[in-house]
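In what follows, chain A forms one complex with chain B and a second complex with chain C.
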Partner chain A sequence: MASAQAAALIRRLTRGDHKALGEFYDLYSGLVNGLAIRILRDRAEAEDTVQEVFVQVWQQAARFDPSRGTPEAWLCTMARTRALDRLRKRSSRREEPEQSHAGSAAPRTEEAIAVRKALDGLPSDQRKALELAYYEGLTQSEIAERLREPLGTVKTRIRTAMIRLRGVLGPSS
Partner chain B sequence: MNEERLLELVPLAALGALDGEERAAFEVALATNPALQRELASYQELVGRLGLATDPVQPSSAARDRLLSVTRPSASRRSWLVPALAAGLVAALSGLLLVRSEWDAARREAAAQRAAAQEAHATAQKAQAEAAALRESLASEVAFRELVSHPETRVASLAGLAAAPGARARVVWHPGRREAVLVASGLAPAPAGKAYELWIIAKAAPVPAGVFQVDAQGRVVFRLPAGLEFAGVRTFAVTVEPEGGTTAPTGAMVLAGAVS
Partner chain C sequence: MSPDRDGQPTGEEAPESALLALDELSARDAGLRPRDGLRQELLDLADAPRLPLDTSAYAWEEPFPGIRICEVRSDPSRQMRGCVVWAKPGARTALHRHLGDEVILVLSGGLRDERCSYHANQICRSREGSVHVEEVLPGDDCFCYVVYYGSHEPV
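Let's look at the complex of A and B:
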């Protein structure tokens, strides 16, 4: 499966094998770029984020710890952190970003399908609150303000959603 | 905050959605609570996997070439050792697009520093008024004034917690020079045999950052011991401790503030 292939590539990367970087990029640049586009809604900025993430992979492959999750989760975490940093630094932040149409094709791996299904299975109010935290990097108070809901309600929704996702998706394979 | 309440905050913390006092209290507890650290790591991994729900979109082929040329081992590996130089190298080698984004980042950084300096100046003016009124701790006040005149100086606000709801404080520090001053008000004088102790919390356990007392009006301008490490600081917190200070927090927390 892709993760085993990725683990082998990461081992080569830690030895400074530059060719492995190209292979790793070919496996995952679409994933990183898709997530960056979803957060930033700007292709040029998303590609800059992809660049930063894979430069970081090249420099810090040795820091990848398989006991803490899959390479995909590691990459998504780096991509989300960097994309949200860019979002926060934007001077003119859009209040209500337009809906992205990038997300119409089906995700490819079994795990991706499971994650998508788990998110789709959440009640819409929970999902909405979770997405504001995940894709827009809003804090609990900002989400409460955006949704015009009490802070306690928002916290409960997000917590319930996360507990449910963990129950459905289980520990990483 | 008890264990159950802390564990309830973990899913929100993993998403980076905590804010205010809750975030500060969570980070303080996290520094010394391995069970909480494990639970957070588990949820952070889940947060990472949620990224898989987004459909892949292939970047342009130019982006691949750019990455491989920037990282090609013939480029000086030594300079990778210095992150600042590495950022410069990336910008230099990866075309106008990245140059522009690096330049924008530098410009935003400069703007952020100006804003921080302005905030520091505002804080300084307020603190000067307080310090003059109190006519105490002249050395601290001089250090503070000197400190806030630097553009690299950073400021964190600390809010009073349940044990001292009326308290508030600011820590002003210069990371490079490792100098810092705390200005606090609204604190009750510490009980006999006790004092307030300030903590710097980065990724590991809280680091003691000095013991202080407040005056009869509950105020203090306190110069932190020189040479403290501020790199990676996430939270400042103040607890009530024995007069001589301790190496790890033991008493009630009265003030805490996250570093933004």
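Let's look at the complex of A and C:
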């Protein structure tokens, strides 16, 4: 139901409907902010990321292609890209976040709890490799270097982790 | 700034399928709401003009050499002013203190302040009380949409 509502809002966004932007924000700001906080561990930077994402949605709503994924995944991709850009900028300035927040808020939906359980159920080496790829944007080579493991081992861990998570995502994945 | 990761696997990155799948997983978490007030700020930023800009359509003022500004929106009840800014490469503001928040959406080109540089589609936020100088990066003209929540004063 949320996706149908989102699709209708995106159509209104392409027509420049300001009210639709507010409604879209109400629907998804928590999702985007939560992901940004998990990556940046800084609420202020996360909120700037939220604004950048929704401004991008406003400007590029017409580019959303439902055949490539859900609105939620589209938002997460944008949020992660922008948050990782900020993280790299911060690293080059060697700054630490003002607030340390591990993004450990409890998931709020049954489905999210199931997803979190599945992630927590992964062997720690597989979960660690996935987290480094996703939340820090490291390449597989960089992960291998960080973990001091062979590249082939890292690739296998990520592939195996995704196979194990496939049951949670469902057959469409 | 980095383009959207539309999923062109390079072989060096984690498999596109893994990252996209994790996006789907993240999407199932309700997350944490941002602070109140961010919503209205977003709606204020949505008034930013689309590129390309017709620079002849604006009544420009030039508060600093090479920096032109035109107020296009205001809401006195919130001390909000939305302004289009057109600045030449290398142009600088004077050192100033913000008496309310300032949110800059870079439309094209780039600028920097003491913290870092900002490019197209990035936001530069200065909090009330902050002091800084903004400078346009070399190269292209910089167009921004700036929302002020209060005034500023020279330092």
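By our rule, the second predicted complex is superposed on the first by the 137 of 173 C-alpha atoms of A that agree within 3 Å, B and C clash if a C-alpha of one lies under 4 Å from a C-alpha of the other, contacts with A are read in each partner's own complex, and residues count from 1 in each chain.
We adopt the following convention: contacts are C-beta pairs under 8 Å (C-beta built on N, C-alpha and C of every residue); 3 or more make two chains touch, one makes a residue touch a chain.
Everything numeric in this text was worked out from a predicted model, so none of it was measured.
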Evaluate whether chain B and chain C can sit on chain A together after superposition, giving fit or clash. clash
Return first, second, both or neither, reflecting whether A:Leu27 touches chain B, chain C, both chains, or no partner chain. neither
So, does A:Leu147 touch the first partner chain B, the second partner chain C, both, or neither? neither
Now for A:Gln56: first (chain B), second (chain C), both, or neither, which partner does it touch? second
Name the contact category of A:His18: first (chain B only), second (chain C only), both, or neither. both
In the superposed arrangement, does A:Ala73 touch chain B (first), chain C (second), both or neither? both
Looking at the overlay, does A:Ile163 come into contact with chain B only (first), chain C only (second), both, or neither? first
Between chain B and chain C, which residues of chain A are contacted by each of them? 18, 21-22, 25-26, 29-31, 33-35, 37, 44, 46-48, 50-51, 54-55, 58-59, 69-70, 72-73, 75-77, 80, 84, 89, 105, 107-109, 111-112, 115-116, 119, 130, 133-134, 139-141, 143, 158-159, 162, 165, 169
Inside the complex, what are the residues of chain A that reach chain B? 16, 18, 21-22, 25-26, 29-31, 33-35, 37-38, 44-48, 50-51, 54-55, 58-59, 68-70, 72-77, 79-80, 84, 89, 102-109, 111-112, 115-116, 119, 130, 133-134, 137-143, 155, 158-159, 162-163, 165-166, 169, 171-172
Would you mind writing out the residues of chain C in touch with chain A in their complex? 1-2, 4-5, 10, 12-15, 17-35, 38-39, 41-43, 45-46, 48, 50, 103, 105, 115-116, 121-123, 125
Considering only the defined contacts, which chain A positions touch chain C in the complex? 18, 21-22, 25-26, 29-35, 37, 43-44, 46-48, 50-52, 54-56, 58-59, 69-70, 72-73, 75-78, 80-81, 84-85, 89, 93, 105, 107-109, 111-112, 115-116, 119, 130, 133-134, 139-141, 143, 158-159, 161-162, 165, 168-169, 173
Quick one: in the complex, what on chain B touches chain A? 8, 11-12, 14-20, 41-60, 63-64, 66-68, 70-73, 80, 86, 90, 94, 97-98, 101, 105, 108
